[in-house]
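See the structures that follow.
Look at the two complexes coming up: chain A is in both, with chain B in one and chain C in the other.
Entry: the complex of A and B
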């Protein structure tokens, strides 16, 4: 890991947070399509969306972190994150794009920084976003699946 | 009368003297007897009626004559005595009458005159006197009355003429005042004439102004109509512009949509490039450039949309303004026609004012002439009044004199006591 000087992240905003996901974990970015609500699911699962023949759950990260609710608009996007054989759609208020960050700039997630801290791989201070939270998508998907199944 | 009476007696004696004429028929009368008879007659002729012829020693014939003579003597003596008595009576009555007249003359006492007498000869005379006195009494009474009346009349005349004098003095003062007033009136009417002249001038000027105002209003109405027509054209243009802008909006929406899709495509292309590792690096760079372009387009379309909404607002405002302008010009036209009517009214009114001012000017000039005539007449009246005053002064003094005269007359006539 130390041999790689940088890594590429997909940066988006939701609520007032700037979040980054390793671009290798992002399969595609797409526009909001028809959303089908699902009964008996956790509140952070907004419903299911169809994408290239597959039905994916749409997760609202704000609700997931317990920091409010996202408000989907016609301009809203979601990206499809993947980990192993699992995929999920994540709601994004605005997509920023791909950015390269130096690993040396990467800091560990702040202790006691809220509920989202356990799903972060680290944070990067940048003049463009302020604090960029690097999200562990695999962990989020695993956790979400576990929660959904339990219910 | 008293002296005549013995003369008559004498004559009677003389006329009786030839009565013994038949005596010589008896030639038996002696001379002595004749002498005695003659002496007796002579005595009678001398007025000695108390002598009687002595019958003794006379012949019959002489005695007869002597008796006759004696009888005659007695008769004459008796007549004489009666005549004297009557004369005294008359004298007494005449004295009484004279005394009464004296009283009348001295004391003016007319009531005291007594006219009664039993003398049939004097009665008519005294009666005449009485009548004269009665007439005088009547006169005095009437004169007294007349004097009283004259006095009161003279007093009245005096009062009247005094009043007349004061009245004519007042009249003179009034005429003086009237003359002064007429002078003022003359000045005032001159002022009025002047003012009416300036009114006529002003009216003439106003007439010209109103005429030019009428022309201006006609031009104004025409301009308003032009503005309304222009406003309608502007309104149509604005509607067309709005339609074009809507069309531009539609086009921009399409561009926006395309740009949005391009943005997504570029993003996903960049992700693909990234997944391809070193081989996809160049691809990723191109994709990033494409994404920047798409974002630029989105920024531009956002700007255009803002501009379109601004244009829409502006055109809506312009349409509203054009509508307001149309309403305003219509109101302007209406007002213009109202103003035109008003100016027509003003024209008529000013024309009338001008005519009236001219008439007033003429009338005041006539008035001035009339006033001058009145002033002249007043001067004449003043003259006449002065004369009247003079005359009434004279009348007053004459009346005063007349009063004095009446008083004097009254005093004079008071001396006669009629009652």
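Entry: the complex of A and C
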């Protein structure tokens, strides 16, 4: 019996949401370092962090989706998502780890799911997470960059 | 020969004034700062980086037409010679204000670099609208 096509996702939680990102888009997961707030930026940009010689914007997906706001603590983590040569750090309340999902289990983002659905590649219903939202990291970074150009 | 070697060393760094506003640390090119003065609220370029909370100091720098402009700050921590390799551009997705031209990686701390010359009353207004 042939193996069913699947993909590997990095799963994390922020607020009440379980989110998954294609593991190929995740460069690294690390502890929160000192955060430098940036004045007069959109609320979803918590600031910048220095990491391995790079300065990265730290994005709060809860604020990005209008679902509340994250509260960074010393126990928080962030993961570094990348698209092409652009990178950004994303805040995570808790890191779950890597999981494999069957492509046949992947459903389209819910219609009427608000602005959130625009940045999802799909959702998966699972006993472990309930609804696992599959985040299109590249689209989030591109959106944030586009807003920066407009400014 | 020794003098020439010292000259080459001087080119690899920049003197930055380190200051604090509203709990955040910033730095600016020392050559842009004419003097450090007591804050005069009536002459400040405003509060593009938040309002100072405890200090009564101002960085005085040259605006267009050679006029003295003031940026109110909480405190001035001093001047540090910083190697160019410790400086970084701001990532585009950070959407930093125009005056924030980069960052200085100071150990594990990221210090925002401010171009004082962009802080005239006109650009300050546009920052505050952003």
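Please note the rule applied: the second predicted complex is superposed on the first by the 147 of 151 C-alpha atoms of A that agree within 3 Å, B and C clash if a C-alpha of one lies under 4 Å from a C-alpha of the other, contacts with A are read in each partner's own complex, and residues count from 1 in each chain.
Note that a contact is a pair of C-beta atoms (placed from the backbone, for glycine too) under 8 Å apart; a residue touches a chain by one contact, two chains touch by 3 or more.
On a predicted model such as this, the values are computed, not experimentally measured, just so you know.
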item: Overlay on chain A: chain C relative to chain B, clash or fit; value: fit
item: Chain A residues touched - chain C or chain B, whichever exceeds; value: C
item: Which of chain B and chain C A:55 touches, first, second, both or neither; value: second
item: Chain B, chain C and vertex chain A (Cα centres) - angle in steps of 10°; value: 90
item: Touching partner for A:103 - first (chain B), second (chain C), both, neither; value: neither
item: Partner chain(s) touched by A:117 [first = chain B, second = chain C, both, neither]; value: neither
item: Touched partner set for A:8, first chain B, second chain C, both or neither; value: first
item: Chain B versus chain C as contact partner of A:95, first or second or both or neither; value: first
item: Touched partner set for A:145, first chain B, second chain C, both or neither; value: second
item: First, second, both or neither for A:37, with chain B first and chain C second; value: second
item: Distance in angstrom between the closest Cα atoms of chain C and chain B, superposition on A; value: 17
item: On chain A, the residue positions that both chain B and chain C contact, one per complex; value: none
item: Contacting residues of chain B [partner chain A, same complex]; value: 260, 264, 267-268, 270-271, 274-275, 284, 288, 291
item: Parts of chain A lying in touch with chain B, wherever the complex brings them together; value: 8, 10, 23-24, 26-31, 75, 77, 95, 97-98
item: Chain A to chain C touching residues, read off their complex; value: 33-34, 36-42, 45, 48-50, 53-57, 59, 86-88, 141, 144-145, 147-149, 151
item: Footprint of chain A on chain C - complex, ascending; value: 24-25, 48-50, 88-97, 100, 103, 105, 108-112, 127-128, 130
